[in-house]
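Structure incoming, see below.
Each chain carries a letter (A, B and C) given by its place in the written order, and its residues are counted from 1.
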Amino acid sequence: MSKEVLVVDGLNMHYETLDGLVQAVKDVSFTLKQGESFGLVGESGCGKTSVAMSLLQLQPDNAKISSGSIKLDGIELVGMTEKELRTVRWDGISIVFQGAMNAWNPVAKIGEQIREAIREHRPDNSKDENTEKITELFNIVGLDSSVMDRYPHELSGGMKQRAMIALALSCDPKVVIADEPTTALDVVIQDQILKELKKVQELLGLSLIYISHDIAVIAEMTNNMAVMYAGSIVELGPTKDVFSKPKHAYTRLLLESTPSVVGEKKKLRSLDGEPPSLIDEKKGCSFSPRCPAPSKECKNQELEMKLIEVVKGHYADQCCVECG
Amino acid sequence: MSNTLKEQEELQKQLRKEAIRKNWKLFSQSKLGMIGLYIVAFFLFLALLQPFLFITGIWNPAIYDPVVGYDKISANLLVIECPKEYPSEKYESYEDCPGPGEVNIKKLYMAPDLEVGDYYDTFIQPAPPSRTHLLGTDSLGRDVFSQIMEGSQVAFVLGLLSATLGVGISTILGTIAAFFGGRVDAYLMRQSDLVLMLPSLPLLFIISAFAELKVWHLAIVLGVLGGLGGSVITIKSQALQVKVKPYVDSARITGGSKWQILFQHILPNVAPLALLFMVFSVTGAIASESVLSFLGLLNIDMSWGIMIYLSQTDGFIFSGLDFWWLILPAGLAVTFLAGGFYLVGRGLDEVFNPRLRKR
Amino acid sequence: MAEYIIRRTLQMIVVFFIFLVSSYLLFNAIPGNAFSNLLLNPDLPPDAYEKVLATYGLDKPIMERVQLYVVNFFKGDFGYSYKYYPKTPIELIAERLPRTLMLFAIVNIVAFYTGFLVGKVLAWRRGSKSETWITVTSVFSYTVFYPWFALMMLWFFGYKMGWFPIGKFLYPEKWYTAPWDSDVIFVLMIKFTAIISIIQFIAYIMTRGIESLSQRRNLRFASLLTIAVGSYFFWNTGDALTKKPYAADIAYHMILPVIVVTIVAFAGTALLTRTTMVEVIKEDYILTARAKGLSQKRIRDRHAARTALLPVVTSFIFTIVTIIDGSVLTETIFSWPGMGQLLLQSVLEEDIPVAMATFSFVGVFALIAHLVADISYSYLDPRIRIKSQG
C-alpha cells in the first residue's frame, strides 16, 4: 500500500464578483497516492481549474478558500503564509498550465526560466549542475538541449508544452498537476505530449493530477478519477470502474456523448441544457434540471449532495445514483 | 412586421441601457475614476454657478464681474510709528510692524497732515478674503472667486472643444491609415512626424504673432495640432488590431463596401480608445492654455493662466503666501481640473480595457 | 529590415525638406522683422534700415530667399545670427546645447529610475489604499501647472529658505577670474556623467549572467563603490581638481531645477509604468512565476517589470525628443541660458537663421529618435518584427 501524498478534504472556494458570490468549488474531497495518476474530468467551467489553483493557492485575489483542508505529506497548506507557500510551490506541487503559449515569459530565454525555478528551491546548486539537470529533463521530454537558449516565441506550441513539462519536473516535485496540457495543440502533437507525460509519470513514479474535459484522455492517462459537475465531485473511483459501470447519471451521459473508436457503434447522445449558474446557491441535486430521468432523490430539493460509497472504492453522489 | 421591428428596437434600447448600467457599475468601482469625476463635477458646478448668480441677481455684475467688476474695499487703519529696536513690547521683529489694521507713518508720505494715533481710511487692493469676497480681490479690485468660476468656464469650453476636434481628426485619419495601408498610411504617418517635429511652444508663439488668439481660435489650433500629431499613430495601431478581427473579415465576405466596413465595424471599435484619448487630451489642452496665458500670449479676458500671469507681473508670486488668494486658487484649479480629467480617463480605461479589470 | 530603414530614411528626407521650407515661410510670414526697431530710432539716417536689410539679404523676394536658404542649408551654411552677429547659429548651439543636455540628462535619468520604481510598486499594490493615494498624488504632480509650481518652489527654496540660488546657472562674480569658459566645464561634466552611466550599465550587463543572486548583488554593489571611489579620485587630481570649484558652482545651481523638473517628469513615467504593469500582471506567465514559488519582489522585478519596461522605454525615447521643446519653459523660469531660451528668443526676435537652425536641430533629432524608437522596439521585444510598411 503506497502512502497518501495529497489529501484534499471538504474544500470550498468561491469568487467574489460584480454579480455576487460564485461558488466554484463545493465540498471537494479526494486523495492522491504516491505514484498514482488521478484524473479530474468535467465540462468547461465546472471548477476543475479552480481546484488546481486552490491546491497551489494561486487563486486570483477575488477568490477565497472558505473552508476545507489540503494536506501535502501531512502538512496543511490551507492557511499557510505566502512565504511558507513559496517553499511548497514547485518543490511540493508543480503545475503544467493549459495555455503553454502564454505561460512563458516572452522576453526571457527558456533555459533561464527553468533555471530560475531551480535556483529558488536549490540555491546551492552550481550553474553547471543546473544546466545538466535541465539537459537531462529535456532528454526525458524529447527536446534538444539547444532549446535552452531560445526565446518562447521561437518554439512551436508542442515544444513549448514539452519544455513546460520539463519546467514542472525541474524541482522533483511530489505532485504534478497537469491542467488540460493539450488543449491548444493539434491532435498529433496532443497524442505525443500525452505519451510523453505518461512515460515520464511511469519513469519517475510521479504522482499526477490530470485535469481535462476530454474523457478519452482521462481513460488513457489515469488510475483513479473524479467527475466534477457544477463545482462538486459527483462520482469518484478507479478509472476502469467508472468507465465500465458509471453510477451517476451525469457520468453516464458524459460517456455516451463521447464517440468510441473500438467497440460497437452507438448513437451518440448529447447533453441538453447548460450547466447551472454557480451564483445562487441551491440545495439538492445540481444536475436535476438536466437529468433525463430524475429519480425521487434527484427531484427532492431538500436532499444534501454527498458522495456515498456504492461499490468498494467507488463513490457517487447520493442524489442521482438512482437516476435514469 | 412593424410590431417585431418595434420589439427589436425596444430590445436594443434595453440592451444599450443594460450596457450603460454595467459600464457605470465598473466605472464606479474604480476609486481613481470616481475621485476624478468628483473633481470634474465640482469645477463644472463652479462654471455653471457664476451665470446663475448673475442672473438671479445674487451677485451684482458691477462688483463681481471677473473682468470689469470693481469693489471698493476700504479699511480704517491706525497710524503708528515703528519702534527703532526689536523686540519691543508690541512687536517681535522688524517685519511685524505695522501689524494688521495699522499703517506706518512713513508709508503715508502722501498724507502729511496725519499724526500718530489718527485713523486713516484707505482702499486696499488686493483685499484679503472676506465674507463678501470669499477669495478676496485682485490688485484691480476684482473678485477672485468669480475669476476662478470664469476660468473654469474657459477651461471646459477650450478643453472639450479642442479635445473633440483633435480626437475626431486623429480617429478618422488613424482608421483610414490602418484600413487602407500602403501609401495612404505612409503619407499620414510622415505627416504626423512633421507635426511632432515642430516644437510646440515656439510654434504657438509664432501662431500667436499672426493673430490675436481668442479661446475659440486656440481651441481650434490646439485641436488640429493634437489631432494630426502622435495620437494618429496610437489610434492607427488600435485600428490595425481591429482590422484583423474575424467580424471585419466576415463583413468583407458578406459584401460590405469599404466605407461601410470602415464606418460600421472599425470606427465603433476604435471609439472607446478615442474617447479615452479625448479625456486625456482635455488635460493637455487645459495645460497649454494656462501656459500660453501665463506667458501673456493670449488675448483672453480671463482665465486661470491669466490670473497667475497677473499675479506674477504684479510681483505677488514672490511675496510668498501673504497674498495666497492671488496665487494658490488659480494654480490649484489648473492642477486639479487637469488631474481630474486624467483620473476620469484612468477610470474609463478600466471600463474599456477588460485586461485591466480587477474582477 | 535594411529595406525598411532605407525607405524610412528616404521618407524622412522628404519630410525634412517640407519641414525646412514650411518653417522658413512661417518665420518670414510673421509681421515685421528682426530690424523693425531700427525704424523707430530717429538718430539713424533714413536709409539705414534699407541698407541693413540689403546686407542680410532680406530685401530679396521671399521665394528666392527660401531657395537660397535651402540650398545653403544642404551645403552646411546656416548663415549668421542677426542678433549675435558675427556668431553663426552653429556656434550658438554649440555653446547652449551642453547646458541644456547637462540639466536634462540628469533630470531624465533620475526621473526614469524613480518613476519606474514607483510605477512598479504602485501596480503591484493595486487596489490598496496607499496605492490610490500615491497614484492620485502622482497624477497631480503630472498635471500640475508647471510654471506656477516652478515659481512656487523657486520662491520657497530660493527666496524663503535661501537654500538655493534664484535662477542663473552660475555666480558671475566667481567666474571673473576663471581661466575657462563655462562651456569647458559643462563639457567636462557631461563626459563625467556619461562615463559613470556607461560603467554602471556595463556592470549591470556583465553581472546578469551570474547564477548566485547574492554574488550578483555583491558585484553590483562593488561596481557602485568603484565608481564612487573613482569619481573621488577623478575630481581630486590633475586638471579636474582646478576645475572642481567651478563645476561645483554649476552643480549647485542645477539642484533646484533638477528637483522641480524631476517631480513633474517622474510622475509621467510612474503612471505609464503602472498602466503597463497592471496589464502585464494579468498575463499567464506571471501565474507561472508565482507557481514556481518565486518571491513577490522577484516576480515583480524580473517578470512583470521587465516586460512592462518596453513601452516605458519607447516613451522615454520620445521624451528625449521633447527635451529641447520642454526646456523652453524651464529655462525661462530658472533663467538657464540653454537651447530652450535660444529657441524662444530667436523666435521672438525673429532671428531667422538661429531660429531655423534650432528648429532643424530639434526636427532632425526628432526624426532620428522616432526611427530609433521603432527599430529598438523591435529588438527589445523579441516578438515584434517590423514588416515592410511603417
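To be clear about the criterion, a contact is a pair of C-beta atoms (placed from the backbone, for glycine too) under 8 Å apart; a residue touches a chain by one contact, two chains touch by 3 or more.
Please read these numbers as outputs of a predicted model, since none were measured by experiment.
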From subunit B, the most remote chain by mean C-alpha position: A
Which two chains does the highest number of contacting C-beta pairs join? B-C
Just how far, in Å, is the C-alpha centre of subunit B from the one of subunit A? 55
Let me have the rounded angstrom distance from the C-alpha centre of subunit B over to the C-alpha centre of subunit C, please. 27
Using Cα averages as centroids, what's the distance between subunit A and subunit C in whole Å? 54
Note: subunit C residues in touch with at least two other chains are 127
Tell me, which residues of subunit A touch at least two other chains? 61
Hey, what residues on subunit B touch two or more of the other chains? 358
Quick check on the complex: what are the subunit C residues that touch subunit B? 11-12, 14-15, 18-19, 23, 26-27, 29-31, 126-127, 132, 135-136, 139-140, 142-149, 151-152, 155-156, 159-160, 275, 278-279, 282, 318, 321, 324-325, 328-329, 332, 343-344, 347-348, 355, 359, 362-363, 366-367, 370, 389-390
Which bits of subunit A are touching subunit C when the two form their complex? 56, 58, 61, 82, 85-91, 94-95, 97, 99, 102-108, 115-117, 119-121, 123, 126-127, 130, 151, 153-154, 167
In their shared complex, subunit A is touched by residues of subunit C numbered 127, 211-213, 283-285, 287-296, 298, 302-303, 306-307, 310, 380-383
Complex contacts: residues of subunit B adjacent to subunit C: 31-32, 35, 181-182, 185-186, 189-190, 193-194, 196-202, 205-206, 209-210, 230, 283, 287, 290-291, 294-295, 304-305, 308, 312, 317-318, 320, 327, 330-331, 334-336, 338-339, 342-343, 346, 349, 353, 355-356, 358
